[in-house]
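Common to both upcoming complexes is chain A, partnered first by chain B, then by chain C.
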Partner chain A sequence: MEELDAEPPLTVVPGADPSARQLCFAWGPAEVLVCETLFGSRGTGEGGPSSSRLFVVRRDQDIYIQTLRKLFNESHGIFIGLQRSEEELAGKSRKAQLVQVSKNYRSVIRACMEDMHQAAISTRDPALHSQYSTQVSILSAMELIWNLCEILFVEAAAAGPLLLRLLDWVRLHVCDVDNMVREVLSSENPSKHELFWNVVDIFVLQGRMDEARHLLSKEASANPTSVNMYKILDDLMKKMPVPSLGNTQTLTEMELKWQHWHEECQRYLQDGTFASNSHMESICKILLGDEDAILEKKELMTTWYHFLVTRLLYSHPTVKPMELRFYAQSSMDLFLGGESGPEPLDTILMAAFEFEMHQVIKECSIALSNWWFVAHLTDLLDHCKLLQSHNLYFGSNMREFLLLEYASGLFSHHSLWQLGVDYFDHCPEYGRVYLELHIERIPLNTEQKALKVLRICEQRQMHEQVRSICKIMAMKALRNNRLGSALSWSIRAKDAAFATLISDRFLKDYCERGCFSDLDLIDNLGPSMLLSDRLTFLGKYREFHRLYGEKRFSEAAKLLLMLMTAHIAPCSFWMTLLTDALPLLEQKEDDDVETMKVEMLRLALARNLARVIVKEGTLEGS
Partner chain B sequence: MEDVCAKFVSQKISKARWRPLPVAALQPPDVFATGSWDNEDNRISIWSVGDLGSVGLNGEYQGEPQLLCDIRHNGDVMDMQFLDQERIVVASSTGAVTVFRHHQNNQTLSANQRWEKAHYHVDQDTSCGGAACTGVICNNPEIVTVGEDGRINLFRADQKDAVRTIDNADSSTLHAVTFLRTTEILTVNSIGQLKIWDLRQQRNEPSQIFSLTGDRVPLHCVDRHPNQQHIVATGGQDGMLSIWDIRQGTMPVSLLNAHEAEMWEVHFHPSSPDHLFTCSEDGSLWHWDTSTDISEKPSFLHQGGRSTTYLSHNTINQSVVSAWLSNDPTKDRMEITNLIPNQTLSVNTLDILGPCLVYGTDAEAIYVNRQLLA
Partner chain C sequence: MVSVINTVDTSHEDMIHDAQMDYYGTRLATCSSDRSVKIFDVRNGGQILIADLRGHEGPVWQVAWAHPMYGNILASCSYDRKVIIWKEENGTWEKTYEYTGHDSSVNSVCWAPHDYGLILACGSSDGAISLLSYTGDGQWEVKKISNAHTIGCNAVSWAPAVVPGSLIEQPSGQKPNYIKRFASGGCDNLVKIWKEEDGQWKEEQKLEAHSDWVRDVAWAPSIGLPTSTIASCSQDGRVFIWTCDDASGNSWSPKLLHKFNDVVWHVSWSITANILAVSGGDNKVTLWKESVDGLWACISDVNKGQGGQQRYPKNPTAQLHRRDTEGFWETDEAGAEDDRSSIEIKFNVPFEIGVKITEEEYQEYGQALEKMLGDMLEETAKETQMRN
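Up next is the complex of A and B:
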């Protein structure tokens, strides 16, 4: 048994009072049932005969939020597409394909976040509002983590492009700059706005040089005295070397240029060029990668990972992926400064920077309440061939374990079970047996639902489940006196025994009433008649009646004889058959019929004789 | 494919229907209704589709369906049909049939009338005796419903009791119903039979019974050719499309191997009946196109003015008839297109009116294509 790494969280079941009554519990597929027993807390029958209450404790409430259903459905489509995508594509095109899949997942998360936000602001119920708002922040965190994993693991950005991707990541996710920018730009005198320098600073911190320069030019035009300073700073910002995405320069070239530029900035700072303007001086220090200067802008950056990326931008733009961990750890320490411990999100991001994929997945599993995120992310990483076959102690690998958990959770939902089927399909080891167990427990309230479940079972050759479902539906139909429906279900399952049961019902009805019910069924059995002997007999017997009714006596007689000789008539029916034979025997027809009558008589007598012998024989023997 | 607009709606869609257009309308339909299933809280929703391509106030793509209103529905929505511009008749899995009214002035839905126990098993008074109502068809003010209890009901809107009920009309489940003529209906059942019922006659027997050859595969849907009333199309549990000529014989004229699983709905295009649409549990939606190229017609049909055009139109109709009824569908070219590129879960429903197609899936999404036959 593995050790616990975290204390299990305590869940209080509101209304359940163990001091009043002893409680018992049972595990379900995705929930726990807690029930009050008759016994009091001291083990005697003090609880009294009052009614017991049943509590259903669910870990994952999220699955019932309407808006999240879109996430589950859309991501299901992406998941299936990924499983079906060609494995033959190798190298760059495969990687591009996987990056696209990752982007698709992220856009689905963002769309869901948008909808959830809309739901939060449009609801009047404060409890719902808080639930939706929480969900928005959870989704936002998920997208943040996923995006980082995409950069580091799926795309596996190399030194150079790595920094550019991280800059994009920070610009997209961390701190909302746009509102501030809009406020400043829309004012009459932007350079005099109190937030002006904040905006310039944040642009610089995020490496958005053009936008920073554009704003600075406004300051320059408003303040002619600082034109010289501005020109120099502007020039420095323009010349700053950045890694390129294409192959236009090698890393070494870039590093050389950067070193050169860094020294130039250093010179200007030491010469005191910006001494008269503290804002510009601080910007120059930031450009030089001065940690203290950058840390001063803590409030603007809001998070340690923004600080990390800014640090890298200005001190080590050609950082290699494997070097990230050192910078990440020190950034977090410097930023948090020992004031507060890391939040779960911080731990997860740190694990990502350290390239500890398994740790990321584990932390996310603990922090999030349902398996959606980890199941899909792990599946994607598995497709990138990044997860070693890390076998868990109970046999399946991590990807499969997470998918099984997620799909099982779907099956506990009254409607989302259909999605779960496809997830089980792509779990090679245990998927099938999980599916077999879950699919039997789906309530079948209409025939159409039963047909859908049946189709799922048939497509996967789950014969036992097919038989069982058809039997249940056939029994239901039989109980409701819908013999045609019952027969239809038996035909689907090729269930001869049930077809026999149904035919017996018909024959019984006939014996009681003297006429057939549901002629439209019996007259039109077609090849399904051959499903069981009894059914064939029923069909043929009805045909006999029809022939007789049409006065085609010779054919009727031939048929009756055949029925008697073919051994498909049930013993209980022999009397009826013989009685049917009587009027035929009294017919005055041609010789053909005469011979037949004689045959019938002989046969009937012989049978009767045989039965008598057997009966007497048995009595004597007993 | 680019003209298809998808929207995820957090409910599995069992039925989608375009609101019928007023008689003299020129523009394409822009409002449709959907019904959901398999939810604890099923809903009937009315959606509006604006102009394609234009962008709304918030920058959202205007072509996306916008929810106008919805209302709770008890039980799964098994079938749905517009009675007129404002009223929708809905068949429920509880055995109830409800008429909802869409109030367009304040965009709300209300339940106008309900027949609570339209379909039931054995005993009407036992509480759990409800049987699902599986099909409903309207011809204002008449409403015909069929169900899992093998019963056929004829209702009249605004009349409390059923005008006529045929108990035990069928020993198996009736899956769908449609009007053949104003006084005759067609039903299909779960033992592969197509039956014609004459509602003028008082006897509770079908006037004609047709069966499939071979295995009695259950039939799930039926539709009649809009102009040629003797041509009927049905879809079966094995995904087979059968075309019947009810003037002759008791067996289908052609059997077309179509889908890999149950065919849920079949529709002739109401104004261009040489187009047929089917959707299935296997996740595909097929467009069957038997319209042949004009250039292939003999040259004498192209000469002259209007009268010849009329003539050629007539002849085209005739050749179309033969296309559906021909024994060799490959001879008269039939183009079959799957309209869904990446199929996943079942397409439960489709509806077509003018150039507009709407379909709904078990993946909780609605798709609208407003430039189908362009």
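Up next is the complex of A and C:
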């Protein structure tokens, strides 16, 4: 037996009685049945208390959350677009394309988050509010992780731009700041606001130099004594070298500049320039990348990864992707300081900083409650050709595995199953067979739904499933006495036996009521009439009636004769046929009198034969 | 993640022995020691009793739904030696056929793949297996395999329908040449595979591995691979997974899934055959999945217990709940099943993953490295010597 990394989770089914019983289990198509039983009680009438309750256990309930519907639908569109996108584009343009796809996914997550947030604040039900709020934080975490993966894996930002991207990332995801900023800026006297320095600090911590300088200028104008200090600090902040996105400078150039700037800051600090203002002094220390100074602002940064990025900004702005892991680990240790262990989110982010892609996917699979996130992210990474370069045992199969799981989950939903079909289509190994197994289980409540499912099967040449569905619909129609519908379904299923059965019913109905139902269908059978003898007979017999109705008697007579002689009429019907023939015999046709005579003779003979049959029949008491 | 659990109050007056969902998950059939079979409509999490079927004179052991293309049909088997087939006609459920050809309790019923027609296999404590085939017009044809298992037969399970050779679409009306097979488990500790040849059922294979009564067998649904898989469980506490690689069905090899501490009563496969459910004498149902290396891992436990199923998030930011781990992930144990002495060595190069190697391998490599370094040093030493 294999060992897993974690204990298999236990799902407890609430049971009321303490006596030792076993659990009886059965798979449903989308759920699981569990009930208490006692295996081995082979006797009769055991008596004693027993539970008569049964439990239907359902998982993957996220697909039923209305506000997530947008997430599933829109990401489906992005997914299909990605599968069909140009593979021939190489290098930069391909990468840009993939980054765009990643951004699209993220904007869908954010849109969903917004909807969920609206739902949360507008509901009065506390349980719902709690559920929505939880969902918002989960979606937020997903976007955070995805964004980081986009920077590190999809875009694979190199040293220089890497830091800028990480700064953006941090700025985007720490929202508490904006409220505080707004509060301070909108106050009468910002520099006198108690949170003033907090805001300046946070700007500095996030590398938002212009905004920090702007605020500081307010302080300077309100406090003339510190003007000199302010000018120096402002100048330092203005001059701080940052990596550029374009090709305006090489990394080495930047590093050199940065080194000089760093030394300048160091000089000012050591000279005691800022000694009289602890706030400014601490800012200078931060600029110098002093870990303790930065750590003092822990409350403002709130997370270890913010701390990480700030550290990098002020001590290693040209950090290389491969160096991230060391800084990440130490940042987390310093920040958490042994107070608490890492949360699942922390583990996932750490795995990303360590470029352990498969670890990220694994941890996300464990932590999240449905496969949506890992399935789409893995698919994207696979398109970036990142999974194949890893020495994994299953390479692209991991992508397929996750997509199969995600799509299977969709099938238990009454309308999302249609999305699942497309996902299966893009799983080359097992997609088709999974589709075959799942599509058969979709309840065919309405004819429309059946037709939809049928079309999907026909498009994919899934002939077995087509036949099966048609047979099921035919049976349903027959049970509800909708003979016409039953007949057309059995023709579509090419089910000769069933078609015979239904034709018999039609004929029986005719004998009883003297008229046909569903004339349109029978009139327009065309070549499908040949599916079964009985069906052919039914079609032709109806044609006979039509001819008769149109007073084309000679044609009708010919047809009737053919019916009698072609041996396709069921025995039980002979009487009816002969009865039908009677009025024809009384018709007078001017042409072909001779032929008519011969026919009449034949008919008379047939009548005798028929009498015999009928007599035999009555003797046998049928 | 919290599972949503709906309770259905069946109002059975005695122990429930079996419960089965229909094909679409819209209806539920249950059977009990109170001799009745009940059918519920369970759409949208509700429960509506559709039918309370009486006809058995003893505890009813199993129920089985036929494929919907034949209509709404349910089979039940009981201690009273009878197999009853119920059908829904014009909105009401009625007995459509009763089979009394067994001399002892009938323990298991299983419908054949719909491609074969409407055929029911029944296993009984009298050691025989009967096959009831619907021939039309309310008529059923019976074929009996007497002495299939000495002492008694406890379970029957059909193989999925696979046409030998390529699956070319047959012209209408013509039935493709299916080779019908099913597996049975009995009190002779054996799992047997039966094949139909020229209209007769013959014993094709005898699978021996259990040391006590075989309680259940389950043939896995086909996912298009050439392998066939059967799960069997027994009084001896073991669950075996049997696989056969070749199409002729000749060589079956067992793999022990796990040895439980108590009797294992039931095994069943999910519809895409990727998860096996095992229910045993120890109050729980365990779910198993096969990893890439072909080893089986337990991925979940379902246990009866006292309430407390809601778990509330601790802190509001970024709540991520634990979910099942999948055995799929556990692949670094490259073949070293019972290897307790493996060491993890991480190399600090980009894109590298920790590679687990065994103690011996480590020694081996260590020695090779030592030798190499030793040789290099010797050479350099010689060189310097020569120069001097």
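Here, the second predicted complex is superposed on the first by the 475 of 622 C-alpha atoms of A that agree within 3 Å, B and C clash if a C-alpha of one lies under 4 Å from a C-alpha of the other, contacts with A are read in each partner's own complex, and residues count from 1 in each chain.
We adopt the following convention: a residue touches a chain if its C-beta (ideal position, glycine included) is under 8 Å from a C-beta of that chain, and two chains touch if they have at least 3 such contacts.
This is a predicted model, so every value here is computed, not measured.
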item: Which superposed partner A:Gln266 touches (first chain B, second chain C, both, neither); value: neither
item: First, second, both or neither for A:Thr565, with chain B first and chain C second; value: neither
item: Touched partner set for A:Asn189, first chain B, second chain C, both or neither; value: neither
item: Which superposed partner A:Pro8 touches (first chain B, second chain C, both, neither); value: second
item: Which of chain B and chain C A:Tyr434 touches, first, second, both or neither; value: second
item: First, second, both or neither for A:Pro443, with chain B first and chain C second; value: second
item: Chain B versus chain C as contact partner of A:Pro344, first or second or both or neither; value: second
item: First, second, both or neither for A:Leu525, with chain B first and chain C second; value: first
item: Which superposed partner A:Gln118 touches (first chain B, second chain C, both, neither); value: neither
item: Set intersection of chain A contacts, chain C complex versus chain B complex; value: none
item: Chain A residues within the chain C interface of the complex; value: 1-6, 8-15, 20-42, 44-47, 50-59, 61, 133-134, 137-138, 140-141, 144, 322, 343-345, 355-356, 358, 362, 365-369, 389-394, 397, 401, 408, 412, 430, 432-434, 437-438, 440-443, 463-464, 468, 471-472, 475, 479, 494-497, 531-532
item: Residues of chain C defined as touching chain A within the complex; value: 1, 3-21, 23-26, 28, 30, 32-33, 42, 45, 58-59, 67-71, 79, 88-90, 105, 114-115, 169, 172-173, 215, 221-224, 257-258, 263, 265-266, 268-272, 277, 279-287, 291-293, 295-309, 313, 316-331, 333, 337, 350-351, 353
item: Complex interface listing, chain A residues touching chain B; value: 66-67, 69-70, 73-74, 76-77, 80-81, 414-415, 418-419, 422, 445-449, 451-452, 455, 459, 480-485, 487-488, 491-492, 517-518, 520-521, 524-528
item: Complex contacts: residues of chain B adjacent to chain A; value: 8-12, 37-40, 76, 78, 93, 121-122, 131-132, 134, 148-150, 168, 170-173, 189-193, 195, 206, 209, 211-216, 218, 237, 261-262, 281, 342, 344-346, 362-365
